[in-house]
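Shown next, in structure tokens, is the structure this report addresses.
Labels run A, B, C and D following the written order; every chain starts at residue 1.
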Amino acid sequence: MIMMAGTVLIVLGLLFFLSGTVGLLRFPDVFTRLHALSKADTLALGLVCAGLALHADDGALQLKLLLIWLLVIVSGATCSSLIARAALAHGIRPWQR
Amino acid sequence: MHPVEVTFDALLLFSMVVLAWQGVHARNMFRAVVSFMMFGLLTAVAWVRLEAPDIALAEASLGAGLTGALLLATLGRLGPERRGPRRRRAMKLSMLPWLALGLVGTTVLLAVTLSLPAPGLGEAVLAAMPAAGVDSPVTAVLLNFRAWDTLLEIGVMLLAVIALWSLGQDVLASTSRLPAPALPALVRVLFPLFVLSTFYLLWRGGHGPGGAFPAGALLAAGLVLALLAGARVPERMRGAPLRWAVGGGLFAFLIVAVGGMWAAGAFFAYPPQHASILIAIVEIAAGLSIGVMLTALFLGGEPTEVRRGRT
Amino acid sequence: MSLPPGTLFLLASALLFAIGTHGLVTCRHLLRKVLALNVATTGVFLLLVTLGRSGTTVDPVPHAMVLTGIVVALSTTAVALGLIVRLERRRP
Amino acid sequence: MTVFYLAGALFLLGNVAVALARVLRGPTAADRMLSGELMGTTAVAVLLLLYGATGIEALLDVALVFAILAAMAVVTFVRRTWPEDPVDDNGGETP
């Protein structure tokens, strides 16, 4: 049962990675792409980590997986903000309909 | 090999080749550098596929991480690329002999691999492992059986630092005007983690993949991040203390090597009962010193001494 | 699959080496030359490790050699980049 | 189970290969850096899945190093590459 849940989580994570890529390719400007990519990818990685943690039965491994996810959250969020600021400072205007 | 594995390898290697081509020939310099960084990431995955996690670790930290940052920093200091008129046709024609050469080379390589008896040194290393003082074969080769290579490798890095420092003072240490309030917060969160993982990798080095170079790279990454977030090299660190930190790894290595000569009769002969503690000392000293050296490489010049008025 | 296991990697390493040396010779911009050199180096590393795998046990010596090689490549790249920046400054 | 992990890793790799189009098209340097970030996150996920397939624990360390170092490239880009000099971007959105 737990194995099953882990597998489902991993598959969900893969789907979120796909949606992030679709956003990266289809959205009109840097800011919307950033918006799609950072959220979808962070969540996707979280789901993959959670799935693997369910499959693993070792506390240390689960802790390491959690640490990896936390690191990606922190650095991903900050980096997105930095890129957006840099783009804004370079005079790229957000897309408007 | 399962077909999925073969497909994975094929796609991985194909992407690597495409990215390598982009990295060399992309029209836009920034695109070339980003492609090259992605190429580094994929190379690390390729090392994993080749069952070489230790190389993957070094590639991830040194190859993809620090080289990429170094290239980006350099790119910011170069003007736009001046370009002569392009001769596309001529370039395509000039590819032909290279393609032929590559094909011939590949065929020869394939023939050689398939016909070699390929005993390698794997058995010999495994046989010598009990006396090595560490559990990881790769670390044993690096720090015991062929410690001489590692000593010279640290020497090469030290030479690189000396060469860069003799070019002038730290040219990369300019700051940007862009406000980035999130950055110092990020560094405050990450820096302890960098130091922690440096020591984790040093400790891992004895048992499995890890060791002085990836650990040093992580330390360097932490220091570089701090410098990018606006930290300065503290004034009392400049000059002599910094030079000691840069040279310390090589110095400790040499002392251990010469000590081995005195105690066991040969350069780098560790007495077997002390081998693991000696290797640990060398590894920690080398790791810290490598971290400082890599940061120095990133800075691209000696941090200026501000003592000019006082002497 | 009738291919011997390392074939794909050998092929890729040959291609990377070819791309690298070709770029090293044909590119004008020095930064591109540095990138090309690094690509060629990666090709050589791949070759070394793939050949090291063909025995019965995994051979740690090529691994150690490649680890050394990565560090040396990084050091030379750093010096080359520093020199390029200095050159660019010098030129009008 | 091993095949499931491998198939997942293959899926992610294909995903990234498609996303490379963004590096080629740009148009601004920020877009290219963004695809680099995607590549970093995906590489972490690929390594995790390969860990699932092979059980080599060191892969988690590699993934950890990737996750830690992902920030460095972007920070260097923002602080060093982009601020002083808008890198060419042949007629992109940069005015």
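By our rule, a contact is a pair of C-beta atoms (placed from the backbone, for glycine too) under 8 Å apart; a residue touches a chain by one contact, two chains touch by 3 or more.
Here the structure is a predicted model, which means the values were calculated and not measured.
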Between A-D and A-B, the pair with more C-beta contacts: A-D
Whole-Å gap between the CA centroids of chain C and chain D: 21
Centroid distance [mean C-alpha coordinates] between chain B and chain A, Å: 28
Interchain centroid distance [CA atoms averaged], chain A/chain D, Å: 11
Between chain A and chain C, centroid-to-centroid distance (C-alpha), Å: 31
Contacts with two or more other chains, residues of chain B listed in rising order: 29, 51, 54, 66, 75, 77, 79, 81, 178, 180, 183, 186, 190, 193
Chain A: positions in contact with at least two other chains: 71, 75, 78, 82, 85-86, 89
Residues of chain D touching at least two other chains: 16, 33, 35, 57, 64, 68, 71, 75, 77-78, 82-83
Interchain contacts, given as pairs of chains that touch: A-B, A-D, B-C, B-D
Of all residues in chain B, those that touch chain A in their complex: 178-180, 182-183, 185-186, 189-190, 193
Partner chain D, residues of chain B touching it in the complex: 2, 4-5, 7-8, 11-12, 15, 18-19, 22, 27-31, 34-35, 37-38, 41-42, 44-45, 48-49, 51, 53-54, 56-57, 60-61, 64-66, 68-69, 72-73, 75-77, 79-81, 172, 174-178, 180, 183, 186, 190, 193-194, 197, 201, 204, 208-210, 214, 218, 221, 224-225, 228-229
Chain B-touching residues of chain C, taken from the complex the two chains share: 1, 3-23, 26-29, 31-32, 35-36, 38-39, 42, 45-47, 49-68, 70-79, 81-86, 88
For the chain B and chain C complex, residues of the former touching the latter: 1, 3, 6, 9-10, 13, 16-17, 20-21, 23-25, 29, 32-33, 36, 39, 43, 46-47, 50-52, 54-55, 58-59, 62-63, 66-67, 70-71, 74-75, 77-79, 81, 84, 91, 94-95, 98-99, 101-102, 105-106, 109-110, 113-114, 116, 118-123, 125-126, 137-138, 140-142, 146, 149-150, 153, 156-157, 159-160, 163-164, 167-168, 171, 213, 294, 297-298, 300-301
In the complex with chain B, residue positions of chain D that touch it: 2-3, 6-7, 9-10, 13-14, 16-17, 20, 23-24, 26, 29, 32-33, 35-36, 39-40, 43, 46-47, 50, 56-59, 61-62, 64-66, 68-69, 71-73, 75-85, 87-90
